[in-house]
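Structures given as structure tokens follow.
Presented sequentially are two complexes of subunit A, the first with subunit B as partner and the second with subunit C.
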Partner chain A sequence: MATPATASKRPRGGSTTASDVETRGRGPRQSIMSRSAAMLVMGVFTLYFLTPIWWLLTTSTKTGGEITSTAPLWFTTNSLGTFFDNLGRLFTYGDGLFGRWLLNSAVYAGVGALIGTVIAAMCGYALAKYEFRGREAIFNVVLSGVLVPATALALPLFLIFSRVELTNTMLAVFLPSLVSPFGVYLARIYAAASVPGELLEAARLDGSGEIRTFFTVSTRLMAPALVTIFLFQFVAIWNNFFLPLIMLRDQALFPVTLGLYAWNSQISQIPELRSLVIVGALVSIVPLIIAFLALQRFWSSGLGAGSVK
Partner chain B sequence: MTVISTPAESPKAPPVTRKNRSSGAQRRAVAIFIAPFALLFIAFYAIPIVYAVIQSLLTVEREGTFGKPEQVFGGLVQYQQVFQNTAFWEAVARVLLFGVVQVPVMLGLALLFALLLDSPLLKGKKFFRLAFFAPYAVPGVIAAIMWGFLYSPSLSPFGAVTSNVDFLGADLVLWAIANIVTWVYVGYNMLIIYASLLAIPTEIYEAARLDGASNIQIAWRIKIPLVVPAIILTAVFSIIGTLQLLAEPQTLRSFSSAISSTYTPNLAVYTTASIPNYNLAAAFSVVLALATFILSFVFLKATQRKVSQ
Partner chain C sequence: MRAHYGKVTAAFAMISALALSGCSAGGDSSEAGGEAAPCEASDGPVTLQFTTWVPGMDEVVKLWNADNPDIQVEVQTGPNGNSGTYQNFFNQIQAGNAPDLGQIEYDALPNFRVQDGLENLAGCEGVADAQDQFVDWTWGQVTFGEEDSVYAIPQDSGPMAMYYRADLFEQAGIEVPTTWEEYAAAAEKIKAEGSYITNFPKTDVNWFAGMVWQNGGQWFANDGEAWDVNLTSPESEEVATYWQDLLSNDLVSTLPSFSDEWNASFNEGQQWTWVSAVWGATTLSDGAPDTAGKWAVAPMPQWEDGGETAGNWGGSSTAVLKGSEHPAEAAKFALWLNTDPEALALANELGGLYPAAKSAADLEAFSGGVEYYGGQKIYDVFSEASAQVNPDFTWGPTMTQTYTDVSDGFGAAIGGSSTLMEALENGQQKTIDALKAQSIPVAE
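On to the complex of A and B.
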């Protein structure tokens, strides 16, 4: 929100800032040197961050034998064909298990984060915009929830779910993932910053109900924040490992991360899984990268929204 | 995210609505807003915590060697076991060592990159921002699989290095995991710090520049002190994450024999639960959750006091 405005106010990148005028006496050489040093640092780390992903991409276009016998960080003459070949094997191996896993992950993370965001937004909004008894107590409980490690909950959840015979079902992973104390915390901050109290008063005078005002007016004002909460909960569920590991036995219910983990631990018995794991890893990170790129405008302004007072 | 500037903002935000607030309609609205989250929180946070504590106070008894096992109240027997379990405490010491080294390195890098992004020295900022953030889209399991291949002597594209340095051996594997975690999270932390840098009003720099302050002085004397709350927040999340380490070491076990089944506290929980010794595993979980909670809480309080002084 305020980010672009702040950015344009600033004299960065320009050549006529006060600092340039001031430091001109020391000559432009120093400035060129620090510029190149900065670019060098960032360049080296760009290699660090992107090389593993690049390796994953090039290796996905090779057959099992070619992985060791060809140039490791480049393509082969028949890359495209091999890549589609690998993709085909990936999606047909074990009766299309991999497609099933992707679908499961989409349900766990996509649907889970969507519902979780709405629930967290409602609660955070109420904590920010209404005064009622026990408000601080509730907020403090939510804050403590942020500090409780989710993995500490996995085992007791498993024991409880096994009492009601819900382990090894999709619900066992789906239901606990809906709760995001951190989302409530963020929603409260965003609501306090972006929904003016006067607007709510005006809506009241117009006779609009509280719930309707929330869904028609307030959620629009909170939109960048909601996208941010959604994305980070999506990532948290997509990456969650302990809960599905401990809850699920049936491979058909696995999310894609647990599925690839399972394949990866069988490589020594079934070597052909190696190239499937590599292609599968590539395919499994593509949805997340696309989501982040497509929603970049929202979350990057969402990142800035709360920090600008 | 915006959280950043908010730890400074105490939970006691001024009441937003007017005195005539507690009208029936508003009270009903608050109940509707909060109820879904409250119910889920009780079911999947509060009850599991209580249940874990109860389980940890039970112990299994049998009548004779082959008698039917029966759970009876055992007091603090399990906790006695926890404190005598050297493997568990070795795991705790291991992740603490990991955290003491990895968290400062990761946050130091994140701060450096955020400052460079915020300085006038760089071109192509948008590219760097995305490139450094991209690994965050890679789940821990997938990142561990990828780096597992990159570390392995036979498959790595950097075979010249990996066949001489045993990254997966007992001496280095902890730092091999630290590298994976750093690779995934630097960009995320960088963005949080960068968002709070963008929120600093430019006028402050103008004044400093006119006084002849260099870029480095501005970064050191003005920018860093102002983003301390953001750094504290990222540090707390990193501490929680470190104590919870599971996905990366568990995945790397198929690449390295140096990672035992109790390598991290959470791995110990998982291994103990699969025996199955649920009562001891529950006691591990409770101790771990308490330790995490206390450590992050103390860290928050200690740093907040320093900041406000």
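On to the complex of A and C.
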């Protein structure tokens, strides 16, 4: 990595000043060499990130026996048939358990991210737009929450939930997913930059209540940030593993991550699960890809708008 | 049940152990355990929770539920023990909401015993009398040799034998080894043919323990007061030196067990033998489908000519976890689950369990020839092996840690920077340290 990175900074070896002047003078245009070097770096990284997914894709079109006996990164002659056969087995195995897990994940992540985004947005907005005693203190406490890994909180949460007899219920996974310190942080920064105080003042003069102003005016201005928060929270809940592992015993409540993990730990006893785990992993990332592609437009425009101000 | 001790497991165990030690005041343990508490039946119908990871166990339990309307059992399945379920048991015992029954492998039972996580079932109806129904050594595993104590009901076992490629041995004109000496000699001839006699599994320390077990070695002993740790006994050393020689001379491969490349190696005929447990029969037939009909099973090679000893790899029990409100009913169910012929047959069919009950030999599934093994009645070999397993072998209370440390050492030995014996010496010290850190008394 070191060589191309250096090359992209200093495209012409010794003539550093010349290139600096050129860059400053004519905007962001770059020489062919530095551009191709940058492309090379990006290409390498793209390959690095996409190879496992490619493997997942090709391997999901194989039977258990073919996984070991055929070329790992390419298809077999009967790929399509095997793929649909695998898919069929995936969704019928154990009375359609996998479909149930997907649904659970969708509920945990979808509803959790939605409510979590609303809470984070209200909290961040309040911290940005209202002056009250202890505002900075509250913000700092929330901010320090970003530093505590969710894994470290799982066991204390389990003991607390045991006291109120909520373990092994959907709420045990759902409730802790509603809070997002990072979301609060982002919402505050964004609200401060994008919701003008004058506008709120005008709304108040026109007789709009604070709640109404928030939902009708402010959330629209904050929309790009909200999409970002939603996406982050959605992915975080979807990928959450340790909390459900500790909280849940009934596999009808498992999210798809924990379900696949449980299957994977049983491969040595039921080898047919090997191909199901692989196809299942592929299917389980599809909703994430869809969510990203669908919301990507809002998201990047949001980041851009924020950074210009 | 076999277990893998990967980095994830170790990290998981560490996180949870740290967290657990910080909040051990939560649970209430009214009695110290050790003596058989009175085990009285509850009034009225009860519902029991049973956590297991054996596939198809819910189907087996349906048989029970149909006949026992007053004792209904709910099955909960999750990842296998070392992948999280044991740690969950410990957490739940602390929080007082553990399931009534749990599946626990033999090598994890002492850990639960030391942490007072098991109900003593000796006082429950029918439990003490059930001893004769189980293979001797499995009963030793659930009583820990204590008087008036039964802490779980044996479920399955993993007596070991040697799977070998009958066709390849015959073609090459090599005698099938019956002693470890002959095994090493055969290894050299097989290497000359361009293959390996077997694979040394660096992460399956419980496999290695099975080898030591066969040789009459003991890794742990408990006299009721303190634990004696003895990973480096002469028997252990003999086994370690033996495999070290094979490793140093590059006569065995060192692929990660149960991986794709490991399967492929067996499938392509690169591996001529596998000294493994009874459950390995399906591992092999699933992982190496192209070699169907070419395998056969013989007793484990012996350390002494004409010897009759076998090791064991894996196996688990059904335990009643501390805090269960219905130990009598739970014990009754556990006994049925692990002795009823119909239940055993179904558990074998769906979950691949090889029962710890002596009546296993009478089951239809174990009486016929197996096609993959050229029609050989392979379960006769395992049934004999099961009777030859030393009943006194004891597991330690921190096996996850011991496995991880020894496995790390085995990795270094395979890399050539250390030896298997050094790995055991290191594992010995680390285990003693770990016991002391948990205030478990250690005999010096």
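FYI, the second predicted complex is superposed on the first by the 270 of 309 C-alpha atoms of A that agree within 3 Å, B and C clash if a C-alpha of one lies under 4 Å from a C-alpha of the other, contacts with A are read in each partner's own complex, and residues count from 1 in each chain.
Keep in mind that, in the parts below, a residue touches a chain if its C-beta (ideal position, glycine included) is under 8 Å from a C-beta of that chain, and two chains touch if they have at least 3 such contacts.
Just so it is clear, the structure is predicted and the values come from calculations on it, not from any experiment.
Chemist: Have a look at where A:159 lands relative to subunit B and subunit C in the superposition and call it first, second, both or neither.
Modeler: Touch partners of A:159: subunit B and subunit C.
Chemist: In the superposed arrangement, does A:65 touch subunit B (first), subunit C (second), both or neither?
Modeler: second
Chemist: Would you check which partner chain A:265 touches, where first means subunit B only, second means subunit C only, and both and neither mean what they say?
Modeler: Touch status of A:265: both partners.
Chemist: Let me test your reading of the model: by the given contact rule, A:52 touches which partner, first (subunit B), second (subunit C), both or neither?
Modeler: First partner only, subunit B.
Chemist: Could you say whether A:139 touches subunit B, subunit C, both of them, or neither, answering first, second, both or neither?
Modeler: The answer is first: A:139 touches subunit B but not subunit C.
Chemist: Under the stated touch criterion, name the partner, subunit B or subunit C, that contacts more residues in subunit A.
Modeler: With both complexes superposed on chain A, more residues of subunit A are touched by B.
Chemist: Which holds for A:167: it touches subunit B only (first), subunit C only (second), both, or neither?
Modeler: A:167 sits against subunit C, while subunit B stays out of touch.
Chemist: So, A:246: does it touch subunit B (first), subunit C (second), both, or neither?
Modeler: So A:246 meets both subunit B and subunit C here.
Chemist: Figure out whether A:106 sits in contact with subunit B (first) or subunit C (second), or with both, or with neither.
Modeler: Neither: A:106 stays clear of subunit B and subunit C.
Chemist: Could you say whether A:87 touches subunit B, subunit C, both of them, or neither, answering first, second, both or neither?
Modeler: neither
Chemist: Just which bits of subunit A does subunit B share with subunit C as contact spots?
Modeler: The overlap between the subunit B and subunit C interfaces on subunit A comprises residues 67-68, 151-152, 155-156, 158-159, 245-246, 258, 261, 265, 267-268.
Chemist: For subunit C, which residues count as touching subunit A in their complex?
Modeler: Residue list for subunit C touching subunit A: 1-2, 4, 15-16, 19-20, 23, 26, 49, 51, 53-55, 76-80, 83-84, 88, 91-92, 94-97, 99, 258, 260-261, 263-264, 267, 279, 282-283, 286-287, 289-290, 351-352.
Chemist: Which of the residues in subunit A come into contact with subunit B in the complex?
Modeler: Touching subunit B from subunit A are residues 2-3, 6-7, 9-14, 17-19, 22-23, 34-35, 38-39, 41-42, 45-46, 48-50, 52-53, 55-56, 59, 67-68, 72-73, 119-120, 122-123, 125-132, 136, 138-145, 147-153, 155-160, 175-176, 178-179, 181, 184-186, 189-190, 192-193, 197, 200-201, 209-211, 214, 225, 228, 232, 235, 238-239, 241-242, 245-246, 257-258, 260-261, 264-265, 267-268, 277-278, 281, 284-285, 288-289, 292-293, 296, 302-309.
Chemist: Going by the contact rule at the top, pick out the subunit B residues touching subunit A in the complex.
Modeler: Per the stated touch rule, the residues are 1-6, 9, 11-13, 15-18, 21-22, 25-30, 32-34, 36-38, 40-41, 43-45, 47-49, 51-52, 55, 109, 112-113, 116, 118-123, 128, 130-143, 145-150, 154-157, 159, 183, 186-187, 191-192, 195-196, 198-199, 202, 205-206, 209-210, 212, 214-215, 230, 236, 240, 243-244, 246-247, 250-251, 253-254, 266, 269-270, 273, 278, 281-282, 285-286, 288-289, 292-293, 296-297.
Chemist: How about subunit A: which of its residues touch subunit C in the complex?
Modeler: 64-65, 67-69, 151-152, 155-156, 158-159, 162-163, 165, 167, 245-246, 248-251, 258, 261-262, 265-272
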